[in-house]
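This is the structure, below, for whatever I ask next.
Lettered A, B and C in written order, each chain numbered from 1.
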Amino acid sequence: MKKSLIALAVLAASGTSFAQSSVTVWGVVDAAVSRGTSDLNSVTRLVGSGISSSQLGFRGTEDLGGGMKANFWLEAGVSNDNGTGGGSTTNNTSTGTGATSSTSIGGTATAGTVATNGTQGLTFNRRSTVSLSGGFGEIRLGRDYTPQFWNWTVYDPFGTNGVGTNRAMLSSVALGGTTGSTTGTAVRASNSVTYLYNHGANATYAAGNQGLHAAVQMYYGENVSTSTTPNDGDGTGIRVGYNAGPLSAAVGYGQTKFATGNMTMTNFGASYNLGVANLIAQITKDQLGTVKGDGMLLGMTAPMGAGLVRASYSTYENKATLADSQQVAVGYVHNLSKRTRAYVTYANVKNGNGANAALGGATGVANKASSGFDIGMTHSF
Amino acid sequence: MKKSLIALAVLAASGTSFAQSSVTVWGVVDAAVSRGTSDLNSVTRLVGSGISSSQLGFRGTEDLGGGMKANFWLEAGVSNDNGTGGGSTTNNTSTGTGATSSTSIGGTATAGTVATNGTQGLTFNRRSTVSLSGGFGEIRLGRDYTPQFWNWTVYDPFGTNGVGTNRAMLSSVALGGTTGSTTGTAVRASNSVTYLYNHGANATYAAGNQGLHAAVQMYYGENVSTSTTPNDGDGTGIRVGYNAGPLSAAVGYGQTKFATGNMTMTNFGASYNLGVANLIAQITKDQLGTVKGDGMLLGMTAPMGAGLVRASYSTYENKATLADSQQVAVGYVHNLSKRTRAYVTYANVKNGNGANAALGGATGVANKASSGFDIGMTHSF
Amino acid sequence: MKKSLIALAVLAASGTSFAQSSVTVWGVVDAAVSRGTSDLNSVTRLVGSGISSSQLGFRGTEDLGGGMKANFWLEAGVSNDNGTGGGSTTNNTSTGTGATSSTSIGGTATAGTVATNGTQGLTFNRRSTVSLSGGFGEIRLGRDYTPQFWNWTVYDPFGTNGVGTNRAMLSSVALGGTTGSTTGTAVRASNSVTYLYNHGANATYAAGNQGLHAAVQMYYGENVSTSTTPNDGDGTGIRVGYNAGPLSAAVGYGQTKFATGNMTMTNFGASYNLGVANLIAQITKDQLGTVKGDGMLLGMTAPMGAGLVRASYSTYENKATLADSQQVAVGYVHNLSKRTRAYVTYANVKNGNGANAALGGATGVANKASSGFDIGMTHSF
């Protein structure tokens, strides 16, 4: 994802003059045979996005002079196991989504409703923004990632993809998912205005920029002032981080106002690259209405030959029910090239106090363990 | 939109020989923070297409020799505030559309149903055609703009986008929209065959061609002959115009047969470019069943420094109820480059005799005024 | 389709180094005015895919060294008469599809449900795969064509498009279509793993490879083991062929397990190119639950000037009801260039023993004939 394909292009101005410009068509196609097992049952599936998110995108940058740039970014999720796309929400709440189905995310059967199903066409659900950038930073308008999401994924050895996905982040989604209300804002928000400082084009890459980086976002639920729930779907988010050589750390916070109870997500992530291994940790604290949840992750990645070993231990506890899950995940990614990788991932989750998290599409059973296994390949272009 | 990005490309013939060809990937991403206020309420939103329609397209032309060309054009609407696409209709009536929602167009709350909602994936709803062109003109097959639509948008300083959108055109849509029946043909028609004379690839650009230009279109509702409404969704359209130096004028007519009452749209537009300002006018006369409506617009655009000032006064009256609306719109567009512009637009609409038109997403109140304000940027690639 | 447009591209690695790569954006836009007539009624329509399937795709290949390649292929169906896309299925059964409508395929009114309607956005419903290939062959993961489908289309002078579409294949779909259960696997399957030997990137082209070629596929319905129908939507397919100079022959077999009764499709196709004409034949034997059906086709294509004459005679009989249909189709394709063709096709189908197959959108009448006529153009890029 750090590389992009730039189609050389020519701007034809009314047939009279030409100037150089560029549009980038890029994407990822990742597929895995995935096996999930629980105390109750098992299932074998072909899944997309085993270690990286399958996507197709169009983006470009125009130099406006004086250090200013105009940028656009249209990024569509692709469910390449069946060719369909991903859903979005027009107002950051479940009323703004279309037909939904209880699709699991990253292998957990307890995740809530997600706006994706068999009729779902491609949308630029992952990101659709236009922006101005320069020495001051960047102002972006459109649908974009929420700032606090980046801590969940940047400080996760498995990048919130596949059976190894960060339990802390997954359960945060589930916490909100029980009412369906965080569908829109745990990961992304529509109708957003974001200011970014010292970020790359993709907010993820802030992890690689030295010094301070920050993102501040607000988004609209777009209700009229006389609505009985005028603030439903409105929200704000912020993330501030610092990178210095091997050290990277960032704190994130986001709150979305829902008619059914506000959702607040606070997290902190850090990593330290020893060279032989990159050590990673994060903590997350969420609240939906009056229900709180706490999560954490300890993990690492380590280069090994032409590949990368990855491992994590992550937990989540619902502070109201005390339901808690602990997950161990290990994986190996073999680089066939800079753009193509083969991988295997194994994860096991244990449940207590009524929790029933499950992996790989198996059906969760309260207080019982579940395991998942992915073997696949990913190709970026 | 007058510029396009041409990806240089090579045609690989079975790995043995190569010939040059071209495919153009182009688009517009336009976003604005929009504020609407009525006597009842107000709302702040992030909207797409504030002054130009957000879109992503693929097109190309092949020289067949002898002055003949083959052309294709696939153009998808993009709701970049949330990443979703736009709807279409398979039979030019509302029965051919899918799930619909009462989304407002261009700021009016009185517009009818539009096939776009949270689950709407990308479609080439704006245009999907294949054509042959040459000295004789062009024959196009597919989904395309209806001829009379071009007068509404070409002779509108605001190009039928944003809060300044031509009241005459908007209310024409609303007239039909009260039965949902013009959803498919006020702007575009599916299943169409069009003959164009002296047009550019995009019918809009006929405004720039000197001398006579014309478009004649027919489209099918595709009902079997034994249907109880065999002609439902069938229609025809024509537009004839003339450009001579600073003068541009065109007349348009379209009729769609609906089971619920035929829809007829007749309009005339003209502009005269004085250099310091381009003066613009149009009139429209519509009839849906037995209900008639009349609209008009007076407007201008004027270059100012690195930008363009735009203003219009437009009205519409339902001849049956005598409900009438009068709108004033003013705006300024600042060119950051040929491809990137920042803009502000303000509009105010007054209502009489029970009309309740509203702007910027606010809720209309009978006989009361409403105002809307957009501030945003647009980037084409 | 044998030619592709390769956008020259440059891989930008974090802004520091560049390496050459490629992404191909390709497509077909095919449109025809189509007329269908039956004993009961008639209808005129604008249709897409008259002789070739309208589509838009993105694909690429990366050389991994040592004779190995990584490949991706994302191919979306386009209904260019109205701009919409095509549906898919997440689990290879009708429960995995979304809202459906009784759209006819290729002119038959008896075909079953297809997941495409007015709200259908673009999906990569035709194919979405990632693969590794080398001297050993190719391993593909994702949504792909079922092996036995290729015999239906490769050994059909009309390539299973338009009013001339192979009656044997159409009725096979209809056989399954009566329960809606083959929607997912008669042509394509989701969640598939395929091994291909001596194939081109597109499995079709195996017809052009000399010697033995083969494809073996399995696909998952993705049901948990405790499901009451744990194997619903699981399936396997195989195709083995041999090409030697003018001779081409292949046998295909596919079986999908459905809760409502397994579907088995067996077929054989062969062609012999005499130079002045290519002679084509195929037979198909299907079984859905306990109902069997038999089909056959005899056909030919012959170059004539700058064009191609095509003709076929194809039949299908439901062995349970003895309902049988016999179809004659003739057509001419005129090459305007290698990428652009104009065409006319005429077909007539006769029905017996209660069969009511119809062409071109007309309504079928038991034991009565129906005819269809397409005139259009197709352009590939």
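Observations, loosely collected:
Criterion: a contact is a pair of C-beta atoms (placed from the backbone, for glycine too) under 8 Å apart; a residue touches a chain by one contact, two chains touch by 3 or more.
Quick caveat: nothing in here was measured; it's all calculated off a predicted structure.
Arrangement of the chains shown, judged by which pairs touch: all-to-all, with no pair of chains left without contact.
To fit its Cα atoms onto chain C, chain A must turn through 120 degrees, a value rounded to the nearest 5.
If you average the Cα atoms of chain B and of chain C, the two centres end up 36 Å apart.
Shared interface positions of chain B, i.e. residues touching 2 or more other chains, are given as 7-8, 25, 85, 99, 117, 119-123. Only residues 2-8, 25, 27, 29-33, 40-46, 48, 56, 78-85, 99, 117-123, 336-340, 361-363, 376-379, 381 of chain A touch chain C when the two sit together in their complex.
Interface residues of chain A, counted against chain B in their complex, comprise 7-14, 21, 23, 25, 58, 60, 62, 64-65, 68, 70-72, 74, 76, 85, 87-90, 96-99, 115, 117, 119-130, 132, 141-143, 190-193, 219-220, 222-227.
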